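Working notes, beginning with the structure itself.
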């Protein structure tokens, strides 16, 4: 249960970042370059203030950047999973209900996509989306493109699960009846399907949330995700790596620990949720 | 058995077709190929001539076929960024990636199986439990983080191993290899561990779960009732049955490793095709991206096919079923 | 410890080992005495085997019969030390040819299993490792117990296949289990049980999973091989038909206790215990044409679960002849000439 506490603690921290953060790291006006490279808890050269986790090369408070980065990471992760869930559930519903060639087509696409690791898919979509956006907008669009690409790489499991339920349900009488009456059976199907499918979807959701967070961090680290102007945890770690050799270890360590805590707590939470929702499994 | 193989091959070909189409679409329609290749002073006439020459006005299916034809012959176009033929760029960097992938795959497989068997046989021991807990962290750690932390500990703090690059390469069977030089080997250690760690955790957990299942079966119980030694039971019987489903995963791993190589190569600045791909994404160098996609897709399809065939070969039950045309 | 049979007075301490009528051989091959198996659970300790005693002579086939859950299989598992945790032997003793085997180390037990006691399990389709040839499985068993070379082991494997009646044995030696039919597979299992040259075979429901047409063949085979080699057999089953056809003596188990034990013919025709009578149906009929196919059907109620064993005699709630003492105290074991029964009906009590 430590996991739940940690996770929710992180979520809260992220939510209230603007209130908690002792500094505003992204407002150039408040930055003091002379404060740069201060070790944690050392008084800074420039302003003399003490930064809990030190500062980076531009004098930004690491603790604050982590809070904002955490916020971004969580935001993108959650949005991506939500997008994937909505897309997956919808496609699964359609596939299960319509059957025939629609079903075959959707499932074929799913199978093909499934042979590739999701990070590769995400990278690819990201690359293409980037290619399609004009260069000036790329940084601004980064978040949206990230959500899109990660989401698109994760819809398959949702679709598969919903599809099998839909296949079973759509054979049942109430669906046929609805069709006869003239109401749209798909809406009814959805309403009846929802309670059955909610459990597994939730479980898949937590697994994919962890994956989404890690994927986003990876993409950002690689330099194809959140830009340094509004960095996520991954971007921060990438920056941290650059300063390893010069000895400013704190720029790397704290974002790393935060990311690790986030990923671990989501994973553990997911495990726990899985056990709770399915007592048959061990 | 033959029918099975043919069926699988056909499915693989289908996937390859789709992948090729996606690659082609990227290549042709994302960004403007003409834009990237023409110099600024090109006149309208030059453009028209270029379009003609590149066949950009031909019907799409024709272009697609041409694209595939070129690809098969090894012509992937020219990089937008530096004008060098993509095929050359890839060929130059491929050995580095292959070596890295191979070494880490071996590391992940061997260690994964060994640890999996150990934690299954000694499932109540403290070491086994410790390993299992550690593996949970392993699954939550993103690959790049592992790499960065390893660099910090071993390269920066302890200074034992290099933190980037490939070290010196020597000649092994005609190509550049890091395996034959000391500095090369040293450079290989951290990236191989980084790349292989996640896979190793997966293999370990899978082997353990499978082995525990197998150890519960009737035939193992019967083997015990016949007085066979623990060694004979664990390694002569259980291991064999455990490995059959594990083989498929190991095959798929090669595909995963290829993907994660991108990350590892970036962390360690390892000069392989993964790093090439990342740079291509950063600079929107479409031909390189398309080529990488095509190659990786082909790789995956081939691997899947090989694994399927292997599975049929190893499990005699499948052989008989397939033979009777099931 | 089992001694020579005498006629004992009624009223002996409960559970005293019953010895079969002495023959020229003297000591019985297997002697189970007051065996107790307990399983600790959250709801208390269960006793699937409660002071069970019986003996088996060399070359003799003892049937152990009872409903599902009566404790037959667990008794067999306990004898060879293959109880699944947390079940364990909590009392009594098991003696094989004079040597106590219930307290051996795991290593010594491994030599007993297969080498001195062979086992036949119920389901031949799951008893054999699908990824090993039957030749391999036979040879490795032989090698584990006999001081022979690999080459000799293979020859023995071949010979054992011939012994159990597998046609074209030489070709089948390198075949896979799934290439055999159910009956053939069980023959292979019997070969595996015997290849280590054991003194005793424990067969747990050996024909239950087989087609009816094949059952008789397998049983005949088992009987022939064991009597030829002087191997004792503990044949566990719930099928009275099997008991009638194949066994020399029979022990009837109820709720983990031996209700009655004696020569098969006598028990079948003139059962002493009301439960056994119930099993036979109410008409004593010794004609060979009698159909013993219906078993276990006429007794009202069901055998109690391990957590709900009644006080006194476990059978008393279902017994047509129950008396007040049956509910209060467990009956002692009364030995009658060549058998024994645990029932107040046969006991002189104060």
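Letters are used for the chains, namely A, B and C, taken in the order the chains are written, and counting of residues starts over at 1 for each.
In the analysis below, contacts are C-beta pairs under 8 Å (C-beta built on N, C-alpha and C of every residue); 3 or more make two chains touch, one makes a residue touch a chain.
Please read these numbers as outputs of a predicted model, since none were measured by experiment.
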Problem set entry | Chain closest to the middle, measuring from C-alpha centroids that were averaged per chain | B
Exercise. Quick one: which chain's Cα centre is the longest way from subunit B's?
Worked result: C
Exercise. If you tally the C-beta contacts, which comes out ahead, A-B or B-C?
Worked result: A-B
Problem set entry | Between subunit A and subunit C, centroid-to-centroid distance (C-alpha), Å | 62
Seminar exercise, completed: Chain-centre distance (mean CA atoms) for subunit A and subunit B, in whole Å, is 24
Problem set entry | Distance from subunit C to subunit B - Cα centre to Cα centre, in angstrom | 56
Problem set entry | Sites on subunit C touched by subunit B in the complex | 80, 82, 110-115, 118-119, 121, 123, 126-132, 140-141, 144-145, 176, 178-179, 189, 192-193, 196
For this session: Going by the contact rule at the top, pick out the subunit B residues touching subunit C in the complex.
Result: 217-229, 232, 236-237, 240-241, 244, 315-317, 320
For this session: Show which residues of subunit B lie in contact with subunit A when the two form their complex.
Result: 14-15, 18-19, 26, 30-31, 136-137, 139-145, 148-149, 151-152, 156, 163, 255-256, 259-260, 262-263, 266-267, 277-278, 280-282, 284, 286, 289, 293, 296-297, 300-301, 304
Exercise. Can you list the residues on subunit A that touch subunit B in the complex?
Worked result: 108, 111-112, 115-117, 119-120, 123-124, 126-128, 130-132, 210, 214, 217-218, 221-224, 234, 237, 240-241, 244-245, 249, 252, 256, 259-260, 263-264, 266-268
